[in-house]
Amino acid sequence: MANPTILTCAVTGNITTLEQTPYLPITPEQIANAGLEAVRAGAAIIHVHVRHDNGRPSMELHHYREVVERLRAADEDVVINLTTGPGQRFIPSDDNPSVAAPGTTLMRPEPRVTHIEALRPELCSLDFNTMYSGTSVVINTPTNLGIMAERIRAAGVRPEVEVFDSGDIQLLNDMVRQGTIEAPVFCQIVLGVRYGAIATPETLAYLKSILPPGCNWGGAGVGRFEYPILAQAWLLGGHIRVGLEDNIYIEKGVLAQSNAQMVEKAGRIVRELGGRLATPGEAREILGLKKQAPLAA
Amino acid sequence: MANPTILTCAVTGNITTLEQTPYLPITPEQIANAGLEAVRAGAAIIHVHVRHDNGRPSMELHHYREVVERLRAADEDVVINLTTGPGQRFIPSDDNPSVAAPGTTLMRPEPRVTHIEALRPELCSLDFNTMYSGTSVVINTPTNLGIMAERIRAAGVRPEVEVFDSGDIQLLNDMVRQGTIEAPVFCQIVLGVRYGAIATPETLAYLKSILPPGCNWGGAGVGRFEYPILAQAWLLGGHIRVGLEDNIYIEKGVLAQSNAQMVEKAGRIVRELGGRLATPGEAREILGLKKQAPLAA
Amino acid sequence: MANPTILTCAVTGNITTLEQTPYLPITPEQIANAGLEAVRAGAAIIHVHVRHDNGRPSMELHHYREVVERLRAADEDVVINLTTGPGQRFIPSDDNPSVAAPGTTLMRPEPRVTHIEALRPELCSLDFNTMYSGTSVVINTPTNLGIMAERIRAAGVRPEVEVFDSGDIQLLNDMVRQGTIEAPVFCQIVLGVRYGAIATPETLAYLKSILPPGCNWGGAGVGRFEYPILAQAWLLGGHIRVGLEDNIYIEKGVLAQSNAQMVEKAGRIVRELGGRLATPGEAREILGLKKQAPLAA
Amino acid sequence: MANPTILTCAVTGNITTLEQTPYLPITPEQIANAGLEAVRAGAAIIHVHVRHDNGRPSMELHHYREVVERLRAADEDVVINLTTGPGQRFIPSDDNPSVAAPGTTLMRPEPRVTHIEALRPELCSLDFNTMYSGTSVVINTPTNLGIMAERIRAAGVRPEVEVFDSGDIQLLNDMVRQGTIEAPVFCQIVLGVRYGAIATPETLAYLKSILPPGCNWGGAGVGRFEYPILAQAWLLGGHIRVGLEDNIYIEKGVLAQSNAQMVEKAGRIVRELGGRLATPGEAREILGLKKQAPLAA
């Protein structure tokens, strides 16, 4: 329990809406500022999605670029983690489920990592799940994950593998054995998403037990499970994550007024339990990252 | 460990091929005979898929009907469990993953249960998984499962819910709470399929621990995990399953010459450990089934 | 996580010494005052040992009586839990281990509960462990536990069963089946004592899983495990315990200045995670206790 | 599951009585012959206790010597494991529990290993438990275990550490860290003894999970748990043990007619599950043992 704990702040995601909380950062400037505030409050890694000005999820390179440039230009040191999540959703049509309905975003793997290749963050997420979630089927085939992993590696970026159930970890173990994912592995275990793994202590202990040997890992709980799973991940020796992507409340019935407020609360819990948060520099050391230079002008 | 153990024999499935083993039953007559042999060897439930004469998977009603009629006409008592698995596979095209490639079978839920409504077996399987498996995405949405469950119930048939990872059990718990799946629940935990839950003792113990309260359950391991998981399921108080659908070997490197041979081996293991196999009548009592009358002429 | 959590404060114990911390309450007045402060800070139950004026453990009835009278006379409502721990230690002689060495306190069960019969607290601890600990063998035989349990019941008091390893819980299950310990059972799981169960999340989850059905339970970690195990017990749905009996630090390297300070920290952790502390009245309701009248003059 | 499994046969122990089963070997000749029969049936290690002619437990060196000489003189290769169990029981007197009652055998550690120093078997058991069992308190203090371990090592013998609950494994981990017990460690987990760990799959999985890294281990279940725990130990990757010390039945209600019959059954179970039994030579390789020369004349 003596090692520092890496706190990732997932500042906006692409599911939380402004209707749910007015405190959601939307524009690149808001997202970058939310990230920097979170860093000042104790986060080491900022996990970045981008949005259109109306709040809808974006995959536009210029949105990602503006966030990255603002974060790199800031005084604060920060590990940038860009999402590669968009592009994985398939919505079966009612009348013929094998035909994609509107809302489907499923695409080839290459365009899902274009912004990674262009912007070279230190980390990018890589979702290992194929599952039903919300109103769509999330699809990440081993073949396409292999293509994404190879391009991520070629760009000098390291993946943060996100898993949602035990089968995803089986796939991770296979990919580690095959060399598709290289050590040191960083795996985020996301709990509480319907229909993935549930958010209980026993579940996290079980999933931890089947991770690749020597794996760095974190646990994240969505919704009301955010703080309990944060504590549970810490107790099991894992890293942690908070942010408006996962949960909009700072306590039951009270909206969090910022990502930084959630980070502060996470820091308090870790310190009360006897731990401390890692700096961005310590996070790099733990995860085997190399700090990226600012983008060429 | 005093209660009898229900053994299901899954005699052919739709993935095992004649190229893998010449002992695979293909025609309705072969499938029915394999089932009856298995019953004489100790199986209480026969899990039935059907095939075309060339061995390819079939969804033809007349194939199912012939198997059911042969089983019902036999002297042996047997609990019939018809699959509803076909119709759930989506293969993303390489160039545009949101367009179905050849081999896709994904269809609306109603035609997946037509044979259940026509033939009214005591049990039918109901797959709760959405996952990547083999070369395709298996898709079973909560909405469509609800439609299938309702039609199955209306037909006076009981579902054998098949789960492949912990999220499937989360979905089962939700459906039990909503009343979509009624008690007594019968849940088959299938282990060892890539990329679902792995086939280890700890995994089965964990998955058992999150089942709905009072659930009847069985464990099945595919491939080389068949007999170890059979023993593990028994040790954890669960029911068991063997058959050429799951595994083609009777021991390492030696093809099983029949489903009955696998059933005999299962019976030996159960008896060595101190248990005994349930008769079809005992299986009905445990699972809350009512024996179906023969089909009207 | 919605139900209130019962916090027990173990204010002095009989192992912590004044040499370790000057903040240890010793006299009956100090012990009672420490308990009342702890109650004002959020504790529902005060677990009481008594000491001689020089700090050595006492079994004197008048010491217990003074503490109980002071607690009952106070304005604060409080559930009193008196220890029955003293009298269970056997120290084998070096030259002939079957002969008791100085320091041995092992005695018949009746004198271990005299103060319970005289003072009738709502709760008294009942240690179920036989183990090596520190420099002695702790011995609690099933026969003698049965005698103590019977006298405790006859006095209208309820036991708080303390367990230190899985075998103690096996014994508890046997005694519950035999009716020696009646429902609702209250079981305290103590972790981190050498050589009982270790203080890890998996250990507490395992031990919880084998408790008698419907058991109320709490978890306590000794030494540096106090706050981690407190959080872990809460996350697993259990009650919690702190106090100078178990740990002398409020954080690494910093002595706790009072039991109340530890209670306050416990309350902060529970609230950060989304819970709240039970009042003494709520604790009685959960544990099935009846509030005792003040002692007759 | 490919590695061979070491089967220990515990042929007589010191608790089973002739009243319970007439098939119990008593004299040194009977014990040696039972061991050799067991070896021919598949056992690699014979765990030896000795008896007086009337069946009462013995600690006589000449009894041990005769068994050892007979085993070493035989054609069969066998790994000899002598017990060091006798001498650890304390029975508290009813009227004054701190005074030893008749039946107490508790003694200094040195005489408990005299026969080990004289006869130098390849293995000897070393019980790590302090617990209540049967009608007595089993006492093995860390100090005395350290003395025994040192003498065992000096004699060129390796300990088979026997643990009965999780705290014993905590002690084992401490002793491994201190160098008192050297790698490769061989640890026997005994389940089902009242009041140690219970005989369930989850218990064995938990206890396995806290063993020292790289530990060789086996699982043994007493009484009706013998064969289920044997299968469970194998499934978890552990070694196994049977014999009249642990259980007198070959199946429910049917006395085992010999130790060899139990060994045969164990072998059948292992083979049905896909494993095989280790030869004595393979057992030596796995456990890091050196075959002992016959005793000098």
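We just call them A, B, C and D in the order they show up, numbering each chain from 1.
Quick note on the criterion: a residue touches a chain if its C-beta (ideal position, glycine included) is under 8 Å from a C-beta of that chain, and two chains touch if they have at least 3 such contacts.
For clarity, every value in this text was computed on a predicted model and none was experimentally measured.
Between chain B and chain C, the least number of touching-chain steps is 2.
Taken over every residue number at the interface, the positions common to chain C and chain D amount to over half, indicating a same-residue contact.
Chain centres here are C-alpha means, and the one lying farthest from chain A is D.
Centre-to-centre, using mean CA coordinates, chain B is 43 Å away from chain D. For this pair, chain A with chain B, the centres built from the Cα atoms lie 37 Å apart.
Averaged Cα coordinates give chain A a centre that lies 51 Å from the centre of chain D.
Each of the following residues of chain C touches two or more other chains: 202, 209. Pairs of chains that satisfy the touch definition comprise A-B, A-C, B-D, C-D.
Every residue of chain A that touches chain B in the complex is listed here, in rising order: 90, 92, 95-100, 104-108, 130-132, 137, 139-142, 144, 164-168, 170-171, 174, 194-198, 200, 202-203, 206, 209-210. Contact residues on chain B toward chain D in their complex (touch as defined above): 1, 201-202, 205, 224, 227-228, 231-232, 235-236, 251-252, 265, 268-269, 272-274.
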